[in-house]
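First comes the structure, then the notes that go with it.
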Amino acid sequence: MSTATTLPDAPEFPGGSRLQRFAWNVRHHPKRELWFAWYVMVVFYNLYGVLFFLVTRVQPPPSPDWDTPLVVQWFDEHHLGLLTGFGVVFLISGMCAPMNALLAYSMWRMSVSRVFAYSYLIMYSLAALPGMLVMAIAMTVGALRADRDPELIVWMYDFAFLSFSGTMGVFLVGSVVWLVAILLDKNNVFPKWFAYLGLCNALTEVVVAPAWIFQRGAFAWNGAIAWWINMVVFILYTAAFIVLLRRMIEREDFGTGPLPDPAAKAEPVKAAR
Amino acid sequence: MTNLAESEHVTVPPRRVPGQPDMWLFVLFEAMLFTGYFSVYLALRTQNEDLFLQSQADLDLRVGVFNTIVLLSSSWAVARCVRAARAGQYRSAMTFAAATVGFGVVFAIFKVGEWIHEIRLGNTFTSSEFFQHYYFLTSLHLIHVLIGFIVLGVLIYQLRSPLRRSQELVETCATYWHTVDFLWVMIFAMLYIVR
Amino acid sequence: MRDKSTKRLLIVWAILTALTLVYVWLDHTTDANGTLHASSVVTVSAIAIALIKVRIIFREFMEVRGAPAWLCRLTDGWVVVVAACLLGSYFIGSAVA
Amino acid sequence: MRRTDGELIMLWALPAMLIIWVSAFFLFPGFLHPMSPTLPAEEVAAFYRDETARIRYSMILFNWFGVGLIPTVILLAMQVRKMAHRTPILSFCLIACAGGPPTLFLIANMFWLLGAFRPDRSPELTQLLNDLAWVTFTVLVPYLIAQCLLLALAIYWDRGDPPVFRPWVAHFNVLIAVALAPAAFGAVTFTGPLAWDGLLSFWVKNSAIALWIVVMGIVLAQRIRQQRAEVVAAA
């Protein structure tokens, strides 16, 4: 944690070993709540990547065009990975809460109405259910019994992938809420380019809609357009806001006015010492 | 940074980025995404050329050309609007902004008319691979046009009151609208001309 | 000064429209009696003309001409990248097919 | 009328809810003893055929009042807001968690009701609905775990003097979170304590939830009464 700006009520930063510093930060760091949420977010996205791409292997998604025996075989091969992987997902998906709270806080810190923060908070809290947990439940049930009627297993397969890719509105409207807040904001919490990037992210949710319609080709749920290009945008967008939130926390002064510029702020602090 | 470089030759008018640099990032990024869509389209097209050509024959080039010229005109109008606003001629700027909206509306009407025509011919989103791409690209573009109307609304709102009139914002809005234009120029070439 | 700039905009618009009409000519020369034929020449020239038009829009309408050098280079570089992507996917696709 | 009066009414709804939940729990024939995941499809179908009425009425009760937990969590979020933190982030966290468990429970609830709606459908389908219901019901823990841990963190980080909640409440919440955690893996095996009818995934998890509701209800009641007294004293 690079910003140990000591506030009056915090005791002097002791230095010492890594562990001591960590303990000091947990006990006294003025921004500990924000850093907590930020680290939870980073850990969450890392776990998300590992669980979805490596453990359960549901990303990149298999094809919707497979015939029934192939789908059954896929569930067979991934039986243990799916069940344990999604077990971990069920254990940790509550980490969305601090993440969404931090995103809502960024809007709360802006010079805009509280409507934005609360709308975003509720929308994204809702989003995790159809967008992640229902998918995980459908996958778990699909993998649960290998001797189930194959037709039903295919039904679970469709249910899982379509609920995952096909949950669009909450992310679409959520991104728009955030970007409008950024454009209206006068406190400089986020740069304007991130708002425009948010528009790109919102449009990916439009682009994914044909996944509900096509079973093969570029627009299917594993297609070049509906999955690959969208994934690139999503990863860039997520990486951008992780970095920008970090910068926001570093600049945070717990006031209500514009967030100070990091370069401009360095001078007075030095002068005060 | 640029100011330092420019201060050496004082005679040249200062070079500056039109509008927010942030918007330029969006322009290039969004156009890159479209390039991705075009690449997928072109690559798939070569795999099944005859089918694509067969479907493509149902498109009416005249509508495409007309729509392209309409959008080019709208782009011209918004460029005039920016110049007028810069010169302080806000009345004229408002006229050109209104003209831009007018051209945009004509474009949208003809676009929807073309869709209706194609659907009557039996060419729908699910009927052939070419028309998948056709409807996908044109509707995504039309969404950009609709967002463009909001952006132009912001522009007109800026121009209306002497209290606002931020030239930077006017240029930012215009930059967005030009993006709508040049994306269409590329979509037009991709869908109507490419063989 | 102002007159010159509006005149220039009009000329740019005329050039862009003319380039659009080139497409019509291109279209008529390749398609005999209504059936379309695959043609690399048409594809490549369609992409090339589109990108020339995009570059003109960048320079003139979007005023990159008067912008700092980095923006000029960025937009030019972007045009080159797009050309590479489009032609690349077309020719690689053709080679695979 | 004071602000806290409304809070007290919300809180007093909790015992009423609890009575309804407990009676619905005992009314549902699949909870005592919990249905085994190893049950063959025919027996599952027979269960829905024989016990249709009790399944329907208990689940309709749950459907009506399952969301009754949300006001309690929001009351906790309000208390967190009163704590001496620098940011509202931890109360945002609790608000973000509040809707999750009841929604997941409602999904499970609908699968049970669907299973009982046409008990004569093919046993394979009934078994699928039953699996969906039980898996959803067993794994609905993520937000509950997050809720307990975040509340504990909020209490530990409360700089107020006196603090809103005493530290043992935080310890208690951590304990509950630990008790809930194994249920996330309820679908991994069909037998043993982790299976959805097992000791950890069913008995420990559900007792932990019940215990949490009772204890937090009492803690909240004390706290709100104390705040009312403060308001009266100040007036």
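For the reader, a short list of remarks on this structure follows.
Read from first to last, the chains carry the letters A, B, C and D; within each, the first residue is number 1.
Everything that follows uses one rule, which is that a residue touches a chain if its C-beta (ideal position, glycine included) is under 8 Å from a C-beta of that chain, and two chains touch if they have at least 3 such contacts.
None of these values were measured; they are calculated from a predicted model.
Farthest chain from chain A (centres taken as the mean of C-alpha atoms): C. Across A-D and A-B, it is A-D that has more C-beta pairs touching.
Distance from the chain A centre to the chain D centre is 25 Å, each centre being the mean of its Cα atoms.
In this assembly, the C-alpha centroid of chain C lies 61 Å from the C-alpha centroid of chain D. With each centre defined as the average position of its C-alpha atoms, the distance from chain B to chain D rounds to 52 Å. Work out the mean CA point of chain A and of chain B, and you get 31 Å between them. Contacts with at least two other chains are made by no residue of chain C.
Along chain D, no residue makes contact with two or more other chains.
Multi-chain contact residues of chain B (touching two or more other chains) are listed as 36, 40, 44. Judged by the touch criterion defined above, the protein chains link up one after another in an open path, with no loop closing it. Interfaces, counted as pairs of touching chains, are A-B, A-D, B-C. Those residues of chain B whose C-beta lies close enough to touch chain C in the complex are 2, 13, 15-18, 24, 28, 31-32, 35-36, 38-40, 42-47, 49-50, 53-54, 56-57, 61, 65, 68-69, 72-73, 75-76, 78-80, 82-83, 87, 171, 174-175, 178, 181-182, 185-186, 188-190, 192-195.
Those residues of chain A that touch chain D in the complex are listed here as 30-34, 36-37, 83-84, 86-88, 90-98, 100-102, 104-105, 108, 117, 121-122, 124-126, 128-129, 133-134, 136-138, 140-141, 144-145, 148-149, 152, 156, 254. Here chain D touches chain A in the complex through residues 37, 85-90, 92-97, 99-100, 103-104, 107, 124-125, 127-128, 131-132, 135-136, 139, 141-147, 149-150, 153, 157, 181, 184-188, going by the rule given at the top. Chain B meets chain A in the complex at residues 20-23, 25-26, 29-30, 33, 36-37, 40-41, 44, 125-126, 129, 132-133, 136, 140, 143, 147. Chain contact summary for the complex, chain A toward chain B: residues 191-193, 195-197, 199-200, 203, 206-207, 210, 213-214, 217-219, 224-225, 229, 232-233.
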